[in-house]
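Note that subunit A is present in both complexes that follow, paired respectively with subunit B and with subunit C.
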Partner chain A sequence: MPVWFVRGLRRGVVTTRYPARPDSSAASLPTPPAFRPRELTCELVDRMIAVCPGPALRRSDKTLVFDAGACTACGWCARVAPGAVASSGEFELAATDRSALVKTIPILGEQQ
Partner chain B sequence: MKPTPDAAVTAEKLREQIAAQFGRSLHIRTLDTGSCAVCEQEIRLLAAPHYDLHRLGFFFTPAPRHADLLLVTGPMVRAFELAARKAYEAMPGPKVVVATGACALGGVYRADPFVHGEVEAVLPVDVWIPGCPPSPLALLHGLGVAVGRLAEKTPGLTFIAADEIPGDGA
Partner chain C sequence: MTAVEPQAAAGTREQLVRTLAGLGSLQAQDGGAVTIRIPAGALEQATHAAAGTSGVRLADMFAADGDNTVLRLVWAHETGYIIIESEIEGEEYPSLSDIAPAAFVEECEIYEQFGIRPAGGKPLNRLMLPPHAGTELPTLGREPPRPPEEVHAPHTVGGQAFEFPFGPVRQAGVESLYYGLVTSGEEVVDLYLFTWHKHRGVEWRLRGKAVPEALFLAERAEGLSAVAVGWAFAAAAEAALGVTPPPAAARTRAVALELERLYNHAAATAALCQATGLSVGQAAAEIALERLLRLNASSFGHRYLFGVVEPGGVSRAPDADVLRRELPGAYGELRRVADALLSTNSFVDRLEACGILTAEQARRLGLVGPVGRATGLATDARLAVAAGPYADHPVNVITAVSGDVFGRFQVMLGEAAESVRLITQFLDEGTGADRTLVPSRAGTGLGWAESSRGEVLAWVALDGAGRITRARLRPGSARNWRGFDDACRSQNVFTDIPIIEASFWLTAAGMAR
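Moving on, here comes the complex of A and B:
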């Protein structure tokens, strides 16, 4: 008798919940950026927008508009501004409202 | 288009119906509208033993006539528009459309003579799953959100690094 069958009989549970246990691969997934508002300056944000391969980043005066839906988690913005951008670690981003994926981030850094 | 109060009530009713009917049994038809096939690779992994989609009662079906959920990938090339509309119309109601991957969400291709740029331009999308490609875990979460089994996390996210609180002095 297969081991999993015996285990299922003993536990009385044949199916598992989602996720059954933390997935070990989740830690190594590329994830969208998380920004540090105090490190961001308008000039830095403009440089990040210039390297972003998609329309994920946009600046509106002193706010950075980040569209997580359009982000491909390529990491180019983090390469331009390593101090101001980190990996968010969030990948379960499914949304029932498209506008919920668009986030505004204040730019609080001092202008050079 | 802003939903009218009547439409909002209908949408809520439909959402409850979908949760009740599809919660434990959902048939999925994937629709590739010009994707690079990496999304399809991730979708295929859902049926593999590691993720084992079938334990949740979700199944892939080869025909839209048997499908409850349309999993759409790619930027919706204009040549595929008619086929996409036909696939959607062939599905029995209630039906759910899930836009999968950054292309489908308008993140990679801009609207041009060859592509619409996003799935929403042609089909009414109910759930958006970002990612390039979305990992199988993200897809599972998205399907759970689509049938009302899992809560969405996005409204609570700020994409501001955890060590910085917004608007705190500075």
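Moving on, here comes the complex of A and C:
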């Protein structure tokens, strides 16, 4: 009987660690955007919304509403606003509630 | 009217071009594609001439809107393509599928999208537009005067046969697809498909877009062939604009294309194991698949190779060191699984004599890729190039003769080995991330690439600002689904269907797009 199986039974742990080991290519993969509120303006946000191929971005007055569940990490928003958007590096997007994937980001650029 | 058989001594491509040009006028000749305009009255005669020429097959047919609808037939030959274009006045054109049966699916699609139909009143099936399609999914041209036929068998088919509906929601996240399976209990009496559940109106969405934005959508028309569809689309735009990507960038595209073929063939191997109930084989093949996907990620920055192809070139060069270091191990993993499977009788027995297609069926239906090659047809779009990486490093086309699932599996394994050889040669010659500047001007062009599922074609028309007025995408899946029902009917029981589907390894997205 494999050692890991016996060890798992004894400890009550029947799964491996997650991730079992770091993925060396993770850093170069596309990930959803991270926004810099102070660099965002309403005009810039509207341009990002125009190029977003899905329904991941919308604006509510002075707030950017970002739905990570609808984002395909295509990077088009970062192309139109490279100073205000960076790749988040965030892979682990699982949530128990759909609304946890929707984030609101204040648009602070115009206030400065 | 009966289908025209090609005559062995009917002449060469050059003779065919002369014959067709005699019926109309030569419009353009660029790279491997020739465009000839034919009056509608001579369309039937032109189709007879092309269908009767040995080695020539109908690769695609599509329409574009204008004052009148323009039909375009793309005929493929080993060394390139011939586009026949003909302006159709009124609502009917000659029934071309009576001459070239491969045209039938496109006749249905053209009726659905442009409202014109072949003469003779034959029923035309619903293909892509869902019955409930509203303003969110408009047609590309005039709406058909009557909705397409909902072709399906009655639930009780007479005698002992009955219809067994399967899908569109299927197990484990498989794409939406509906089989109408007519069976007498075990034997497959008949089978038809509804593929429209995934229709996204991609060709309609491409209108008005600049080429880079459009390429982004084109890649996603069939995500598992992102490089092939992206390359075909970029090549069409480049042909329209008269630009050629730098040689090192073309080799980068070719490396990505062969990596795409490798991971798809590994995925098909895993699917074959799943369909034959070999869990250990499936897990082993999926380990090989995962290694190949990680190799894509570490060499190109995306597990499914999205974003590599750009108009005029590529966005990045591969990490050649990583590829040289990791590729032999990842491919070796797949090869070990394949060798174990080939010596497992319970696996091989399920594949042999299952889902048979003959070379004659494949030719008549215009099947491509491993499905066509497993019947002995040596069609491969990588051969139809006068320059570029595949002209410098010709591909050895792998074929089989059995036409069954086992033949398709053998072709895939042979192609995986060939992909590794080609990648090594492309890397040795040098890859790069260069790009040729793409101007904004009017033009039309045809592009092609060989995906793991077979030939991909793309055709674009650009206006003076370089925006798309009409784009046609024809992934390999759009061709090969038409052979699936024939393969399933060939004396199979319905537990063979998942095995046949895995061996075709098509996508519903590529058909419904």
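Simple rule for what comes next: the second predicted complex is superposed on the first by the 94 of 112 C-alpha atoms of A that agree within 3 Å, B and C clash if a C-alpha of one lies under 4 Å from a C-alpha of the other, contacts with A are read in each partner's own complex, and residues count from 1 in each chain.
The working rule: a contact is a pair of C-beta atoms (placed from the backbone, for glycine too) under 8 Å apart; a residue touches a chain by one contact, two chains touch by 3 or more.
Keep in mind that this is a model prediction, so the values were computed, not measured.
**Q** Putting subunit B and subunit C onto subunit A via the overlay, clash or fit?
**A** Aligned through their shared chain, the two binders clash on subunit A.
**Q** Have a look at where A:29 lands relative to subunit B and subunit C in the superposition and call it first, second, both or neither.
**A** both
**Q** Look at the residues of subunit A and decide whether subunit B or subunit C touches more of them.
**A** On the superposition, B touches more of the residues of subunit A.
**Q** Pick one for A:88: touches subunit B only (first), subunit C only (second), both, or neither.
**A** first
**Q** With both complexes overlaid on chain A, does A:76 touch subunit B (first), subunit C (second), both or neither?
**A** second
**Q** Of the listed segments of subunit C (169-177, 241-249 or 493-501), which one clashes with subunit B in the superposed model?
**A** So the stretch of subunit C that bumps into subunit B is 169-177.
**Q** Could you list which residues of subunit A make contact with subunit B in one structure and with subunit C in the other?
**A** 23, 25, 29, 53, 74
**Q** Which of the residues in subunit C end up touching subunit A in this complex?
**A** These residues of subunit C touch subunit A: 213, 216-217, 294, 297-298, 301-303, 306-307.
**Q** Quick one: in the complex, what on subunit A touches subunit C?
**A** For subunit A paired with subunit C, touching residues are 23-25, 28-30, 51, 53, 74-76.
**Q** Show me the residue ranges of subunit B that touch subunit A in the complex, using the header's touch definition.
**A** Against subunit A, subunit B makes touches at 55-56, 102, 105-108, 110, 120, 125-132, 134-135, 137-138, 140-142, 144-146, 150, 152-155, 157-164, 166-167, 170.
**Q** Residues of subunit A touching subunit B in their complex?
**A** Interface residues on the subunit A side: 15-16, 18-19, 23, 25-26, 29, 32-38, 53-56, 66-74, 86, 88, 90-98, 100-101, 103, 105-106, 108.
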